[in-house]
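Listed after this line are the structures, all set down as structure tokens.
Paired with subunit B in one complex and with subunit C in the other, subunit A is shared by the two complexes that follow.
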Partner chain A sequence: MIVGYYPGCSLTGTGKEYDMSLRKVLSLLDVQVEEINDWCCCGATSAHATNHLLSVALPARNLMLAQKQNLNELLAPCAACYNRLIGSKHEISHNADLKKKVEFVLEEDFNSSTEVINIVQLLQKVGKEKIKSLVKVSLKDIKVACYYGCLLVRPNAVTKFDDAENPTSMEDIISATGALTVEWNYKTECCGGAHSIARKDIVTFLSKNILDDAKLNGAHVIVVACPMCHSNLDMRQRAIKKLYPSHEEIPVLYLSELIGIALGLNGKELGINLHFVDAINLLQMVKAEM
Partner chain B sequence: MSTHHSANTTLSNEIFSNTSLNVLQCYQCGKCSAGCPVRNFMIDAPNQVVRYVQLGFDDKALTSSTIWICASCQTCSTRCPQNFDIAKFMDAMRETALNKGIKPSEKDSMEFHKAFLNQIENHGRAYELGLVRDYKLKTLNLMQDVEVAPEMLMKGKLNILPHNVKDKKPVKKIFAKSKGGRK
Partner chain C sequence: MKIGVFVCHCGENIGKTVDCATVAQRAAKIPGVAYSVDNKYMCSDPGQNVIKNAIREKKLDAVVVASCSPHMHEKTFRKAAADAGINKYLCEIANVREQCSWVHDNIPDATDKALDLVRIAVEKVKRNIPLTAIRVPVTKRALVIGGGISGIQAALDIANSGFEVVLVEKEPSIGGHMSQLSETFPTLDCSQCILTPRMVEVYQHPKIKLLTYSEVEKVEGFIGNFTVTIKKKARSIDEEKCTGCGLCIQKCPIKKKAFNEFEEGLATRPAIYVPFPQAVPNIPVIDRSVCTYYQTGKCQMCLKVCGREAILFEQQDTLVTEEVGSIVIATGYKLYSIDKKPEDSEIKGYGEYGYGKYKDVIDGLQFERIASASGPTNGEILRPSDKTQPKKIVFIQCVGSRDEQKGFSYCSKICCMYTAKHAMLYKHKVHDGEAYVFYMDIRAGGKMYEEFVRRAIEEDGVKYIRGRVSKIYRQNGKYIVKGEDTIAGMPVVIDADMVVLATAMVAQPNASKLAQTIGVPYDKYGFYQEVHPKLRPVEVSTAGVFLAGACQSPKDIPESVAMASAAAAKSLVLFGSDYLEREPTVAVVNEANCAGCFYCLKVCPYNAIEKKEVKNKLGEIIDYIAHVNAGLCQGCGTCNATCPSKSIELIGFNDEQIYAEINAFSESFV
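Right, the complex of A and B next:
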């Protein structure tokens, strides 16, 4: 299976362990990734919050690059990139006036037949059975809280992916590793996203609620599919601990890292040592190596 | 979008012509505000800002901190019984406020967005150190994140040098031609 790959900016920096782990896991699952040549940033929150045309044109350029590489499917592992790519495509195809403006900006006709998919959708295509057949380390002793955040599922009319209020597709994939998944209340609550720098107080408040609910429901680990969610939930536990000294840390892993552990990769290969919250105890619970 | 647009105030007309969003679709049930994760950081609830626009209190709406505190999580848009895309409305409000030169009460958020987009315009991709440098110089929040920044550098999560795209021209052109937003 060959799939187009749009890593996005975070996966080359703050979320580089997501890229590391994903590439290794996909190669074990016989998925070949073909990166888009000279892709540019999707504009993320800052573009759509301040300049609508720009926020559609930047993803449109990347979609056109994918089109030129004849990619049928394009994986955007970052939930924010996924949302911007699929959202722009949707808007352009439903608004002829906007399409004209985008074509004026890009100086070429826009057409995109590439299907934009997120990481859960790719793993669904790979299939639970395939993952199961390759499991080397059973995760049966750990309980996982699957965190979807905002941008994998919303708006549902655009993503057409899972249920916007109570998604369950990540739980279904994870069941292939033997891990148990917990029922909890905050799987689609916002972590504060791009407020991480300008309004850290908002992010620490929202993230603390998410972390607490996961722990309250018995989770040993939170699994995410977004580098922005990851840095808010993992790195910001430092700031949370300062504000609430009784806060007990809980590790936060990317979906690709959790699956990587089950497929027998060690913590370093997956970049788990790059997190702020230590996951050594978690790895010991399943007798995996750091 | 079947409802006829008839609020007929300056801002509601502007929003409608730029985005096709009709503020009269909102019947003020307040469900958006009930589910808003950042409501308690706001003075005006999200539905109140829509109400201001419905009634023609344009300045009140455009200067409300609510439009900048909105985290763009889209919970409101997902739940609105009238299918009014309130998250998109908040985007349009921010853009309109910026185009009108209105000073946002949440200056730091605006400076963050500006600094972020500057990196993209110059490098084609996000450059975190440049972003932090530009943002700190503008806001003078110089000591922010000293508890995590050195470790991020050590872990290689903050790139010292920008990751430039090979060909910077197309991205610069997109920025130049998108200036002025929807107009």
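Right, the complex of A and C next:
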């Protein structure tokens, strides 16, 4: 199976452990990733907050690059990239005027037939059975809270993926590793996203609510599929601890990292040692190596 | 033939764009026109007298009135013509208002067109022949479908006028949703107390034949002459022998298995049951899907304890046919079940409210049962999960209603009122409790309705928050309700003990099936469609069929009762005469010509074409030809246009008349 790969800025920087773990896990699952040549910014936040045309044209350019590489499917591991790519395609196909403008900017016709998919959709295509058959370390002793954030399943009319209010696709994939998933209430609540830079106070408060509810429902770990969510939930725990001294830390892993552990990869290979919140206890629970 | 032409100004409606005097002058020159005149208001008494006097004085044989649409005043002018002594079918209307003056603004052109329309009508009326209305006998007996408050009211009104009624109810008892309600707005009188006397009256009424646990299977015939086939579902009880002692119900070993429909799932019931103690008739029914005997062949406890040998395990569904003259449909509504997203439906559901997942998130009817003295908690406000008294309760209005994104675009109309009632009942029973209501707007139009809501807010201290709820989840034993206060512009979080959702009223799930059985149009939501929203609100396009209650659109009790009485009155109008007069403009088959291809049968929208046997001298059937049932035919002309051998003629609109009209029209191009 060959799939196009759009890493986006996060996976080359703050979220590079997502990139590391993803590439290793996908190769174990016999998925070849083909990175788009000369990809550019997807326009998340900065572009769509300032210039609508730019925010649509940037993803359109990346989609046309994928088209030229004859990629049927394009994996956008970052939820924000996924949302920009699929959203821009949706907007262009529903607005003839906009399409003309984008084509003028791109200096070419826009005729993308590449399907944009997120990490959960890719793992669904790989199949639960395939993952199950390769599990080396059973995760049956750990309880996972699956966090979707705001962008992975929304807007539902555009993503046409899972249920916007109560998504369950990540839980389904994780069940292949033997881990238990908890019922909790904050799986689609906002983590504060890009306000992380300008309004740390908001992000700290919102992230704390998410972490608290996961713990309250018995989770040992929160699993995410978005580098923005990861940085807010992982990095902000120190700030939370300062404001709320009783806060107990909870590790936050990427979906690819959790599956990587189950497939027998060690913590360093997966980049788990790069997180702010230590996951050593979690790895010990399943007797995996750091 | 002497024809009179009468051109109406309709005040300025026609006169403003059509030069009526010129039309009258020029019409006088059309061959056959003996007299023509214009008038400001032809439909007024003096206007009609102009027509009548002209007919008498000028000895006219036929008239053309150039005026508004025939839907509006054809009857008026035909009656005027008949009063003056000519056959009313020799009066034709040229529609120079809707089809001319209202849609044009150039006076000379509109005037020319009006004259064309007059010429067309003149050519037609020349070829009209006197016709007599068809008379059909009326069966003075009504069918009422649905035994809720609407059906009960309609049945009683008709029966009390001295006519027989067949009342069909699909559940084991009549009473409908109203029997489930605790108290009713805006007077807070007990629902059962005002309803049960009516139920008993229905049961004891000598003119009402009550068929419960029955459904309408088939409807044939036409206004005044319907033949209805009704399926009586097997109760597994001999209704003649059963005394309703209830011993079988007490002894049934299945106590906690069956879903109690009447209690909206908040309690269970045995396999043999009556829906509620005041059920009418007080005869139980066996739910075969849970009964041990039907599952394993053992038990028969009910049979053993029944002193009257009234249990009939082998009873089958039976079909009965009834002859009736009118049908009142009063099939009511259902509440939108928001936990289930119907397959292939655009309805998205409200997963974020946790209905179906959390026991203490309930709908309005469930709250009615909790608040009802005869309900599962004997009227104490206790939450379903742990039977404790909720100290903080949240009501959410418009769940599914007025929400094109996730539900229906319409307003369910009754929720503002019943939510105010619920909050009030809660505050009356839990004095130290807090009640919150999330609303979009408060729509309390109705006598004493606004005052009722104000009472909830001002006297009972119910806290109203304008805004929507985004999510409900459970945390530390509380239901966290997250919403927005759009007046304060702030998010609101309430840690409630219980949540009541005012879910939308929707059509019955099989509403479209019944509509197709009877031939009733329905809207995209499954609500039955009246002929005219203002002037004919209880009639449907199939003559002799009337609507009552929430099957037409969401309605409260006062409105349903009023509509039921209106539907009863419409039936009684029908029963007021022995014969019905029907328009003679129906299709007839030229039997000598008909080849029996029956294309007409396939295209007829009213099932009015029948196969008629052709016999030889020996009485043997040698062929079949088409025959039109004049009682069913609506004169639409579809068969006429379809017939390949031109063997069907539509009386009053035959080919000669139509071609004469087309020829007259084409003259204007010469």
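Note that in this section the second predicted complex is superposed on the first by the 290 of 290 C-alpha atoms of A that agree within 3 Å, B and C clash if a C-alpha of one lies under 4 Å from a C-alpha of the other, contacts with A are read in each partner's own complex, and residues count from 1 in each chain.
We adopt the following convention: contacts are C-beta pairs under 8 Å (C-beta built on N, C-alpha and C of every residue); 3 or more make two chains touch, one makes a residue touch a chain.
All figures in this text were calculated on a predicted structure; none of them were measured in a lab.
**Q** Taking the superposition on A as described, I'd like to know which of subunit B and subunit C A:N185 touches: first, second, both or neither.
**A** second
**Q** Per the contact definition in the header, classify A:L85: touching subunit B only (first), subunit C only (second), both, or neither.
**A** Neither partner.
**Q** Look at the residues of subunit A and decide whether subunit B or subunit C touches more of them.
**A** Partner with more touched residues of subunit A: B.
**Q** Have a look at where A:L53 lands relative to subunit B and subunit C in the superposition and call it first, second, both or neither.
**A** Only subunit B is touched by A:L53; subunit C is not.
**Q** Using the touch definition from the top, say if A:D213 reaches subunit B (first), subunit C (second), both or neither.
**A** second
**Q** For A:N166, select first, second, both or neither according to whether it touches subunit B, subunit C, the two together, or no partner.
**A** second
**Q** Answer with first, second, both or neither: which of subunit B and subunit C does A:R199 touch in the superposed model?
**A** In the superposition, A:R199 contacts subunit B only.
**Q** Could you tell me if A:A239 is touching subunit B, subunit C, both of them or neither one (first, second, both, neither)?
**A** In the superposition, A:A239 touches subunit B alone.
**Q** Do subunit B and subunit C land on any of the same subunit A residues, and which?
**A** 165.
**Q** With touch defined as at the start, can you tell me which subunit B residues reach subunit A in the complex?
**A** 18-20, 37-38, 41, 69, 71-75, 77-78, 85, 87, 91-92, 94-95, 98, 106, 108-114, 116-117, 120, 124-126, 128, 132, 135, 139, 144-145, 147-148, 151-152, 155-159, 163, 165-167, 170-171, 173-175, 177-179, 181-182
**Q** Can you tell me which positions in subunit A touch subunit C when the two form their complex?
**A** 163, 165-166, 185, 213, 216
**Q** Tell me, which parts of subunit A touch subunit B in their complex?
**A** Result: residues 9-10, 12-16, 38-41, 43-55, 57-58, 61, 95, 101, 104-107, 150-151, 154-156, 164-165, 188-190, 192-195, 197-202, 206, 235, 238-239, 242, 274, 276 of subunit A touch subunit B.
**Q** Okay, in this complex, where on subunit C does subunit A touch?
**A** 350-352, 471, 473-476, 480
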